[in-house]
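After this come two complexes, each holding chain A, first together with chain B and then together with chain C.
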Partner chain A sequence: MAFINEGITLFKKNIREYGMYIALAVIMATFYFQTDGLFMSSRNLSNLINMTGYIAVLAVGMTLVIVIRHIDLSVGFVAGFVGAVAAILLTQHDMPVWLTIVIALILGCVIGLINGFFVANLGIPAFVVSLAGMLIFRGLLQLSLVKTGTIIIPNQAFKDIGNGYIPSLFMVDTFQGLTLVIGVLAIILFIWSEIKTRINNKKYGFEVLSIPMMFIKIAFISFIIGYIFYTLAGYHGLSWTAVIVLVIVALYHFITTKTPLGRHIYAVGGNPEAAQLSGISVKKITYIVFASMSTLAALSGILYTARLNSAAPTAGVMFELDAIAAAYVGGVSAAGGVGKVTGSIIGAFVMASLTSGMNLMFIDVSWQYIIRGAVLVLAVVFDVMTRNKAK
Partner chain B sequence: MSQYILEMDQITKEFPGVKALNNVSFKVKKGEIHCLVGENGAGKSTLMKVLSGVYPYGTYTGNIIFNGGTSANTTNGVQKFTGIADSERAGIAIIYQELALFPELTVYENIFMGHEIKKGVTVNWNETIMKAQEALKKVKLEVNPATKIKELGVGKQQLVEIAKALCKDVKLIILDEPTAALNENDSENLLFLMKELKKQGITCIMISHKLKEVISVADTVTVLRDGQTICSLDSETGEITEPTIIKNMVGRDIEDIYPKRPNQKVGEKAIEVQNWSVYDSKLGRKTNDDVNFHVRKGEIVGIAGLMGSGRTELAQSIFGNPKNCKLSGTILINGKEMKHFKHPKNAIDAGIAYVTEDRKGDGLILIQDIKNNITISNLSKLSKGGIINQNDEVVVANDYLKNINIKAPSIAQLVGNLSGGNQQKVSLAKWLFTSPNILILDEPTRGIDVGAKYEIYTFMNALVAQGMSIIMISSELPEVLGMSDRVYVMANGKITGELSRNEATQEKVMEMATV
Partner chain C sequence: MPMLQIKDLGKNFAGIQALKDVSLSVEPNSITAFIGPNGAGKTTLFNMITGVYPPSTGEILLEGKSLLGCKPDEISRRGIARTFQNIRLFSKMTVFENVLVGCHNQLKTNVLTAVLGLPFTKKEENIAEKEAYKLLQFVGLAESLNEEAGNLSYGNQRKLEIARALATKPRILLLDEPAAGMNPRETRELTDLILKIRDEFKLTLILIEHDMKLVMKLSEHIIVLDHGEKIAEGNSHDIQNNPKVIEAYLGTGAVAK
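Showing the complex of A and B:
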């Protein structure tokens, strides 16, 4: 009985966070049954991840932008524009892939610093600055492709960023060996960090889960990780896109939870005046967050261009809105100061799963928009209501 | 008909834990200028909020009889306002210190905001402008009614507010510290206008801290103290003099709520500020003018003064100037001249800490937990290679929780859920964690209960015993006198006096603060 009670309290306390995972599970299960298992097939799951990749990295950056009470609408066409620049560098200047990527990321960073200048130094609302950026970079994107039209990139290495998979090294039956190994390592790492946290929390007299509850939690999450890697290993294995997204999420999760910089970002979002008086430079944080956003937009552009293997004048349309939606669905608060990078990634997958699943069910695109819109508003309503209850 | 336009009888208003008004009786004669005086927190604003319906009927006890009980919302002559709209309809207009005008709209639009003159469904602008002109004439304000409010100075804006009130067929105007933000000329104009209005039969209630002004215009003065009516003074009997008012305003002994501090040898000057002037370009005026003061090691220095006298502006301009005002003057720390701090970070590095006046507004991050709030100003102390040692952080936060006696279930409690006193302790902990040499406390005990106050005072004593210098800004006179080794008094952005512990009395301070 105590065990069930603990479960209930735990659920109530964390309903906001769990709600998202539950939503994702429900959506996936629904599509699984509606499509006779097709949705959860190795192939579809692998595609889903690759398809979400370029939005997921944007959602990570957007999380921080929204946390510090701003917004960046320019990211879509920044991604498109940087993608076009990368394509031009690769095809017309024969640059090596690594150099192209470095230049693209630096270009993104510079764009972000310019945004940051307008917002932090001149005090212009980010909405306006980035709306202007959206128009400007859309223009630049079209301008850069006006002579050539859509550029096809005949470079296998670049193409692999968006479409390739990590080598298998060895096969276990029909499964990709390296992917399985990484999956096992991920589970071990997860269990190890859970146990370490538990020991630490206990040492400081913090409340910890009861042993059976912790066992369930570890078993459940390990199962999810295991299932995903197992499924992916049954197709081509882990894609490079997935690797890049994982690295970005890990990096940003680390920065936001373990470093002073992360604390400062959330402090600025929670109360900018108090942050200022606490010795935090709100200006500097604004610069950093906008620079990181546009750098990630450049990365998103690379992923998208690599995935399509071409740079088109229409690249980047609606990316910013997908990223913002992902962040909100993922529990980022519009009032600022609240939101996790990991949440936004889940949000991105919720939205992408909807698209993917509805495509498999042959649902008309018009209805897809309506349903995605409804899910977005429901997610935020849920968020606001649980937040008010918590008070 | 009664000679009184307003009778407030035995009004009691309680907030959780505090009796803001205790059996207050307040009577205003028809056609007089009645001044309401008292220290900050005496209950003046609360009383006016009861009158104007901000606190509606039923949330207080006692009776209000307005205009002989002839207006709407009355039962047996007792007024029952359910909101500001009711009191406005009855003919009461309240003009707050913070003007409620729309800067981007014109004078005539502002005057008729909320009660537009209509022709069918549209606004009759011609009629509006004409009526506005009449109203402006009444308040002797010569401006084009089509001028935007933001183009007028504060003094003229105040007149627009009064014109607005007059257009609503007002019987009673309440002015809350009308001259606080005005220069001398504008103040005189306003006082003159009040006398003019009196001739037209309009009754005025003025809340003011400036006793000279009170004496010059008041027919009657009512003094409030600690939520009670102390006395009503009449000009005809010649009772309205500065000493009488001050005596009645302060008139209580400092109770024994201040822990004794052993006589301590004070050290060198820890901070000295010379010829300090602060110009706020947003307000368009100097918030501090040629201020000189110093604090020694191991000393608690009080800065007294009324609200708006420039105390917080002084503290903030020294502490990294977050409002980006234009500064001039010199700061010496331990005798060494420092550059003006460009950001609070520089001030923190120089060993200064500033506990803000408004802990919820710019002191704490309410949506974060106790631990994060305590460590936010000095995360580098806890970090190694750019990573926060979160175990050490927990230890630090738990230490403060215990040592400062923050009452919370754990350091994971959100600061927004704590009581005022505990929030203040978190603020204090946060700044102690930066290991400051100079601690500026801005209204350290505002809105917190007596027990927590005592704890904070004890704490302050312990800190100066370790050689820290404390600057305490406070509007509560007894606190300033009870805790400080020396007191500076501020008024109108200047230091108007310096008193040693032995010299300082409530009367003397009040005199200097009401110059």
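Showing the complex of A and C:
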């Protein structure tokens, strides 16, 4: 009985977070049955991850921007513009891929610092600054492609970033060996970090889950991780895009939850005045968050350009809105100081699953927009209602 | 040398003189109170000491060194911490994290070293966690360290704010109306806590307070402000018998009777 009670309390306490996972599960299950299993096929899941990649990295950066009570509307066309620059460097200046990527990321970082300067130093609302950025980078994108039109990139290594898969090394039956190995490692890492957190929490007398509840949690999440890797291993394995997204999510999850910088970001979002008077430079945090955002936008541009294997003047349209939607669906609060990187990733996958599933069901695009809009509103309403109840 | 020295400090807000030629000095390890009717300029004085806005005239010296032109975060790192009249916590973070944010003031860790997992970042983080835990035990909140700060009772939120301020390892702690909204029992606890803080952390304390019982009991030095000017200073006995102070509080004519 105590066990069931614990389950109920746990659910009530984390209803927002669990609600999102449940929503994703319901969406996936619905599409699974509606498409006779096609939706959860290795091939489709693999595609789903690849097509979400460039939005997912944006959603990670956008989470932090919204946490510190700002917004960045310029990310879409920054991604488009940086993608075009990368294409030009590769095709017209014969630069090696690694150098192109480094230059693109630095360019993104510089753009972010400029945004940060306007917001932090001049105190101009981020909405206005990034709206201007959106227009300017749209113009620059078109300008940079005006002579050539759409640039096709004849470079296999670059193409692989968006379309390639990690080598298999060896096969287990019909499954990709390396992908399976990484999956097993991911599960071990997850279990290890859960146990470590538990020990650490106990040290300070924090409440921890009871042993059976902890066991269920570990088993459940390990199963999900295992299932995803198993499914992917049955197709081409883990894609390079998936690897990049995983690395970015792991990095940002670590920074936001385990480092002083992370706590400072949430402190600035929660109460800027108090943060400043506790010795945190709000200006510095603003610079860091905007620089990280635009650097991720540059990465998003590389992923998108690599995926399409070309740079087009229309690249980047609506990216910023997809990223913002992903963040809000993922539980980031506009009031500031609240929101997890992992939540936004789930948010990105909720939105992408809707698109992918509805495409498979041949639902008209107009209806797709309406349904995605409704899901966004529902998520935020659910968020506000569960929060008010908690008070 | 005085811990804090203020010389001819003045502040104009769009033509309104909020503070006029205020000079005072605060001795190390003392408890000083700023008192005065509403609008006397007490919080304005706090805001200038902590760098929230710059003074129009005059100078502020911390152990002989000027604080002019310093941002609030720099001033915090130089050793002045404060709490607020209307409590300002990171209400969505846990009690523990609130104090940890204050502790980070002293850390040398940056993003790169943390991501690389360099051993000293772990050590620093461990030290910070221990510090935070000790401070929470000190103010009596160790039981609730994993609760969301916004869910604490009013009195406990005040204590948490004090713990967060102490975490920045200040030499001067400014308390803006710490007893506001507290019941008599909570006020008594607070009085004890303030004395304990002074003795254990060897701190200089300055408080703004309307609760005269608390002021008279705690402060060795009292400074009275009225209409942006310093009208009196001295120990509690001097202040209670100063006609100017009685006039400021009770209005003209009160003394004559």
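We take it that the second predicted complex is superposed on the first by the 391 of 391 C-alpha atoms of A that agree within 3 Å, B and C clash if a C-alpha of one lies under 4 Å from a C-alpha of the other, contacts with A are read in each partner's own complex, and residues count from 1 in each chain.
The criterion applied here is as follows: a residue touches a chain if its C-beta (ideal position, glycine included) is under 8 Å from a C-beta of that chain, and two chains touch if they have at least 3 such contacts.
Predicted, not measured: the structure shown is a model, and the values here were computed from it.
K.L.:
Once both complexes are superposed via chain A, do chain B and chain C end up clashing or fitting?
P.N.:
clash
K.L.:
Quick one: classify A:251 as touching chain B (first), chain C (second), both or neither.
P.N.:
So A:251 only meets chain C here.
K.L.:
Touch check for A:338: first (chain B), second (chain C), both, or neither?
P.N.:
After superposing on A, A:338 lies in contact with both chain B and chain C.
K.L.:
Now for A:271: first (chain B), second (chain C), both, or neither, which partner does it touch?
P.N.:
Both partners, chain B and chain C.
K.L.:
Which holds for A:259: it touches chain B only (first), chain C only (second), both, or neither?
P.N.:
After superposing on A, A:259 lies in contact with both chain B and chain C.
K.L.:
Based on the superposed arrangement, let me know which partner A:204 touches: chain B (first), chain C (second), both, or neither?
P.N.:
So A:204 meets both chain B and chain C here.
K.L.:
Using the superposition on chain A as set up above, list the residues of chain A that contact both chain B and chain C.
P.N.:
204, 206-207, 258-261, 263-264, 266-267, 270-271, 273-281, 337-338
K.L.:
Going by the contact rule set out above, which residues of chain A touch chain C in the complex?
P.N.:
It comes out as residues 201, 204-207, 251, 254-255, 258-261, 263-264, 266-267, 270-271, 273-282, 288, 337-338.
K.L.:
Which stretch or stretches of chain B touch chain A in the complex?
P.N.:
319-320, 322, 343-345, 347-348, 354, 356, 361-368, 372, 375-377, 379-380, 383, 386-388, 390-391, 394-395, 398, 410, 412, 430, 434
K.L.:
Enumerate the contact residues on chain C facing chain A in the complex.
P.N.:
Going through chain C, the ones touching chain A are 50, 52, 71-73, 76-77, 81-82, 84, 88-93, 96-97, 100-102, 104-105, 107, 109-111, 114-115, 121, 125, 128-129, 133, 142, 145-146, 164-165, 167-168.
K.L.:
Which of the residues in chain A come into contact with chain B in the complex?
P.N.:
So the residues of chain A touching chain B come out as 200, 203-204, 206-207, 258-261, 263-264, 266-267, 270-271, 273-281, 337-338.
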